[in-house]
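Structures for review follow.
Shared chain: chain A. Partners: chain B in the first complex, chain C in the second.
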Partner chain A sequence: MRPEMTAASLDTTARSSAERGALARARLLRGLLPALSLALVLLAIAWLNPRAISYFGFSLMLNLAIPIALATIAQMFVIAGNELDLSIGTFVGFVGCVTATWLKDAPLIGVAILLGSIGVYALLGALIHLRNLPSIVVTLGMSFVWQGLAILVLPKPGGKAPDWLLAFMAFKPPFVPFPIIAALLIGLIVHFGLMRTSYGVILRGSGGNPAALGRAGWSLLKTKIVLFALAGLFGVLSGMALIGITTSADANIGNGYTLLAIAGVILGGGEFVGGRVSPIGAVIGALTLALAASPLLTFMHIPPDWQVAANGAILIIVLAARVLISRRER
Partner chain B sequence: MKKLFVLGALAAMLASGTALADTSGKKIAFSNNYAGNSWRQAMLDSYGIVTKKAVADKVVGAADIFTTADKEVPTQAAQVQNLILQGYDAIVINSASPDALNGAIKQACDAGITVVSFDGTVTEPCAYRVVVDFKDMGKQEVEQMAKFQPKGGNLLEIRGLAGTSIDDAIHAGILEGVAAHPEFKIVGSVTGDWDQTTAQKAVATILPSLPDVVGIVDQGGDGYGAAQAFAAAGKPRPTIIMGNRQDELQWWKEQKDKDGYKTWSASIAPGVSSLAFWVAQQVLDGRTDIPHDLLVPYLAFTQDDFEAELPKIVKGGVASHEYTQEDAIAAIKANIK
Partner chain C sequence: MVAGNADIIRLNGAEKHFGAVRALGGVDFHVGPGECVGLVGHNGAGKSTLMHMVAGTLVPDSGQIGVHGGIEDNYSVSRAQQLGIRCVFQELSLCPNLSVAENTRINHASLRGFGWRRKAAELIAAKLDEIFPGHSISASDIVGDLSIGRRQMVEVARAFTVTQDRLDLVILDEPTSSLDAHTAGQLLAFVRRFVAGGKSCILISHVLGEVLRNADRIVVMRDGKVVVADAAGAFDRDRLVTAMGGAEARQKIAAQVADAKPGASALRVRARPAVQKDGTDLVARAGEIIGLAGLAGHGQTDLLLAIFAAASRARAGIEVTAPVALVAGDRQSDGIFPQWSIVQNIGIRSLARLRNGLLISPQREAELAAVWQKKIGIRTPDMNNNIFSLSGGNQQKALFARALGSDAQIVLMDDPMRGVDIGTKLEVYDLVQEEARRGRTFLWYTTETEELDNCDHIYVFKNGRIVANLGRDELTEEKIIQSSFGDAA
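Moving on to the complex of A and B:
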């Protein structure tokens, strides 16, 4: 995969200026696509249920999109390093169980466990790099470990979120609903860190063209550790945000997030080749998926027998539109 | 202006009769998290039959069913939030988790929506819970066993899915029944997971180590498997309590036709969904005296009436019962006491 990549980028520099202009337009379209699909889904919702387009409506529809957005950002860091994390969903569930138990009853131990779990993520990054293991296999294995630990921490559903977390997630700022502010903040902060700082460039480069970076003297081990630690950090934030909304935990609470997070990254303009990701796009992608999968579906009044299939169909349509447009770039 | 409003409200109250509010304009949603087994299918069918008629009779304005794609908690929480936005007056819910949906349920209550949970009930205090009296069902199993085996003897217990409240409750009832009937003794216990195949394997494994047993107390969905295990081992057929499954009642009928085999069958009716619907309707009707925890009876069949039910159950299905508004009112009354 990587030799072609370098060849492709060499190609790009050799192209004429007209071609470059067309490419830039396609790039722009690709950049706008996540926002465009979000606008489409919002329009559909507004048409089906005008009541939903309000302060109250957005707070309700989008608050569960915040943990998905955070999990998507976590996945994005891993994908930026040209790896894939199949354990983020169960990791979020594990964090949720710790949040609803230890973090409330013994905050110090809770914080230690959560920091420790970020450390485990960093170690996984090191392991994958040093032993040259496929990340899919390692993280698939870890997904069962996290699931098992979650059941150990919370054998049956229950627990309670810490009061400060409940208060934080129920925060009602004036004029703009909290989930929108949170989504903006997450997108902008990660965008600045990954797209606008010099180390961000190194991190992306380690996924896009590791050979070049390695020759330039950067430690690929360190970049992989940092990327996985960041994934762990955002996984922790996702689990905490989720429990702050649901108020209590369940060992299986995050299982669906793994695939949602991957789909969110791709929908948001990221690609599986490493290095090509967009934090703001990923957040918008997560919001789009959350809105398309649940409110849109509920408002459409589909017969119950078809609802499950319709959910899948919406996801496919949204992702297919993304693929169609990015193909025009080639 | 205010006075006019009060007068108008007063007039509306008078027009609609005494304590009863009009529910013909009310919308009730059903939030379901899983549809992938025969029990859930029967649950949806019963709900559909009852609510379609209720809408046609203008008892309620709308009764829509929403099923999520997976058994995930966040998906169902989001679904409940969307139902709030849709402007439903009540939500009937079979919840994916007893606790983890409480945040969304509380938001629904705060928005003035009546929430009635059943089967997968929720612990949020503002919601109603329609709970089947599983403990009494366990106790009745031993009571019935005492009729068929008056001399008493050894019993084998088949338990359900470990860690669930249902398994706990039935087990506690059985223990209570055995305590009241000291002539019985539980000599073995296996886990059948409410599944014929699992139960058959589990019973076959423990059989060689068991003394002679006169009866099997179980949780439904496991009786036929147990019978198969005993037949395969060539052991004498004990009195097996059944759980309303089609294959169980079919086997019972075959045995009855052969030599007058006697037993008893009980389980939760999937149609309890329709009972939850009527409870929601009653709350919307303006009744304020309904307890938030409603214990409702299970569905039982005896030697005399099970054969009449058998043809009505689809192959591989389970006996159900569509509840009526009167059933709901009676159940509420029984709980007020």
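Moving on to the complex of A and C:
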């Protein structure tokens, strides 16, 4: 090589490694954003009501965070494959109704129904891939199916959670409240599965560049089925956790979860396309939404009618911050 | 009957059609061990289609594929990988959301289980060190953060990594297009070492010098066929260019039109591509038809869009003195309003003139459409039918009617004749000539060299820059190929 050429390329090397350092810093900042927003909400609560920051306070405030976190993880799997699930809320409601009736009265049939519903989710993934259907349309249709089934199973509010489930959700570990331990476990397990295992790479790759994955010989049908089945699995866990806390069910109990789950994924640093998701971020996003929704508002003496609006406001603020960070990257 | 058992791959009589378009018409092609085969040809000559077949991503309509002497009936990507055939595609096939190591894992099913991340990282880092010493890419970098050149380096290095499957043949489709001269040199040197080790390569490049210097054998394709295949030593630049473009001089269609033009009319457009370093401008005057030539995607469309934008908001380096209309090339995504009728699709560019008070006058809209239906010959029983009731060629005519029916004195054409039948083409050529005689200016980007015969002046583009500026009398296909394949970057 000619000397000036080498010099030039060394120069660009130095410059681009500095650029990449800046990129890495921006990515770190963006990765910390969910944690920062959670910390902000916690600080606000501590300032408004210092007594809430206690073992008992957290157990109470974060009680409903576990089912929300599980539903958010379910949504995250779907979003990782560049799809969207508008039926997760009514699905959680359906699972809740089955849990409060069949799972208690006839456990075997209950288990079969829940496993079958995960199978239905897997089939939806296959259908969406094979027929090239927009997932929004398919899952919007399915949301009415789940809702209808829930009403068939439990026409009016009632039923009762199985005793073992009640006992499990009422578990009181020493020092650290159960919801925090559960959230940590959920986040870490899913992080390991999706971000660290060799097949997790393939699942995320199917959202990043499906054509490349297909050329490398991987089955996109299989990745889609696996992602949707995982969404179904976590939807089932979410519904069961919810009934373990509320002790009885209602066909409409999960309806709000669809948008909460989407908001949680996005709040946690995920993006709608491109396979960019973060399990730990998603769990943190779910916790933030759960905290900001009712406890914070109660302490601020704002009526619960404003809950949804408050969630929206948090989402807008965090997304605006993310846009600002991304703009600085360029 | 696959002959020559020593060949790594052999295709006999491979044919492929996409709809009515014949992409490959009975091609015989083979690669032996320890040779680097150079593959050259103009856009659409069928190189990529042929390579997709070798890599297993496309199945030929007819013909035979043999690998390592055995006939493959169910040839596929995974079969090709088992047999040691890999391809670096022109479009990058990395996942931008994954790290370099994770992208390596995607190509190796055996990288799994405990410690796979470390193994993948070591594998790709070692290969990058071998091919591009001093590359400064880390295996943990997220691909989306890397520059396009570095991504290409990762993609090339990944194709040469070996785990359990064998590796005999790597297809490199424009491997140096995003690399600087230094890294391109490193890659080509590595290719020579790879071939010297008894393995094989197929090298596709638009830089003819690269092919001439590095290939052992060169295959030239044109119009979906192999026209020449010979040892690299038997070629020089001129012979390659001649083989690619067809030597026979063609008849000029409308030379007489040019002579009638006045010498210097009013300036309509003066534009300089954003990356142009010397002072070359594209200049278009009233009544001129200006051709934009060169290989596809070398900045022609960008310049047209910049001119279009400059008409409504001033931009540095671009001067536009009259209203502009654009005829889109990709009519399905950029041109047509699919829910609208033919009349509405034609009228949208002229709404200001079609207004009656605050509302659009359906009557004036219909009049405008009727005039152009007659003039341009849109074949339909009712102009109020949905635009999709028309054939592709007639849809394109409606888009021409939209532009020509407007007040625009400058018409930008972004390769509008793609996939249009020859009859429609000739009608539109005549219309363009006629409108130019009336003083309209046309800027015409085309990938079909014959269409340039309609132009008064041709600018050839390469890497976003104007590299040649030809008058009508200087225009030959060879000249255009010479400049668009020029080695000087």
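Basically, the second predicted complex is superposed on the first by the 286 of 330 C-alpha atoms of A that agree within 3 Å, B and C clash if a C-alpha of one lies under 4 Å from a C-alpha of the other, contacts with A are read in each partner's own complex, and residues count from 1 in each chain.
One rule holds in what follows: a contact is a pair of C-beta atoms (placed from the backbone, for glycine too) under 8 Å apart; a residue touches a chain by one contact, two chains touch by 3 or more.
These numbers come from a predicted model, not from an experiment.
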For A:W218, select first, second, both or neither according to whether it touches chain B, chain C, the two together, or no partner. second
Quick check for you: in the superposed arrangement, does A:L60 touch first (chain B), second (chain C), both or neither? first
Partner chain in contact with A:N311 - chain B first, chain C second, else both or neither: first
A:V236 contacts which: chain B (first), chain C (second), both, neither? neither
For A:I79, select first, second, both or neither according to whether it touches chain B, chain C, the two together, or no partner. neither
Just to be sure I read the superposition right, which of the two partners does A:L23 touch: chain B = first, chain C = second, or both, or neither? second
Is A:R204 touching the first partner chain B, the second partner chain C, both, or neither of them? second
Overlap of chain C and chain B interfaces on chain A (superposed complexes): none
In the complex formed with chain A, which residues of chain B make contact? 32, 35, 44, 64-75, 77-79, 81-87, 96-104, 106-107, 163
Given the complex with chain B, which residues does chain A contribute to the contact? 49, 51-52, 56-57, 60-61, 63-64, 67-68, 155-159, 242, 245-250, 252-257, 290, 293-295, 298-299, 301, 304, 307-308, 311-312
Contact residues on chain A for chain C in the complex? 1, 5-6, 8-10, 12-13, 16-17, 20, 23-24, 27, 196, 198-199, 201-202, 204-205, 207-209, 211-218, 274-276
Can you list the residues on chain C that touch chain A in the complex? 55, 57, 76-78, 81, 87, 89, 93-98, 102-103, 105-107, 109, 111-113, 116-117, 134, 136, 141-142, 145-147, 150, 180-183, 185
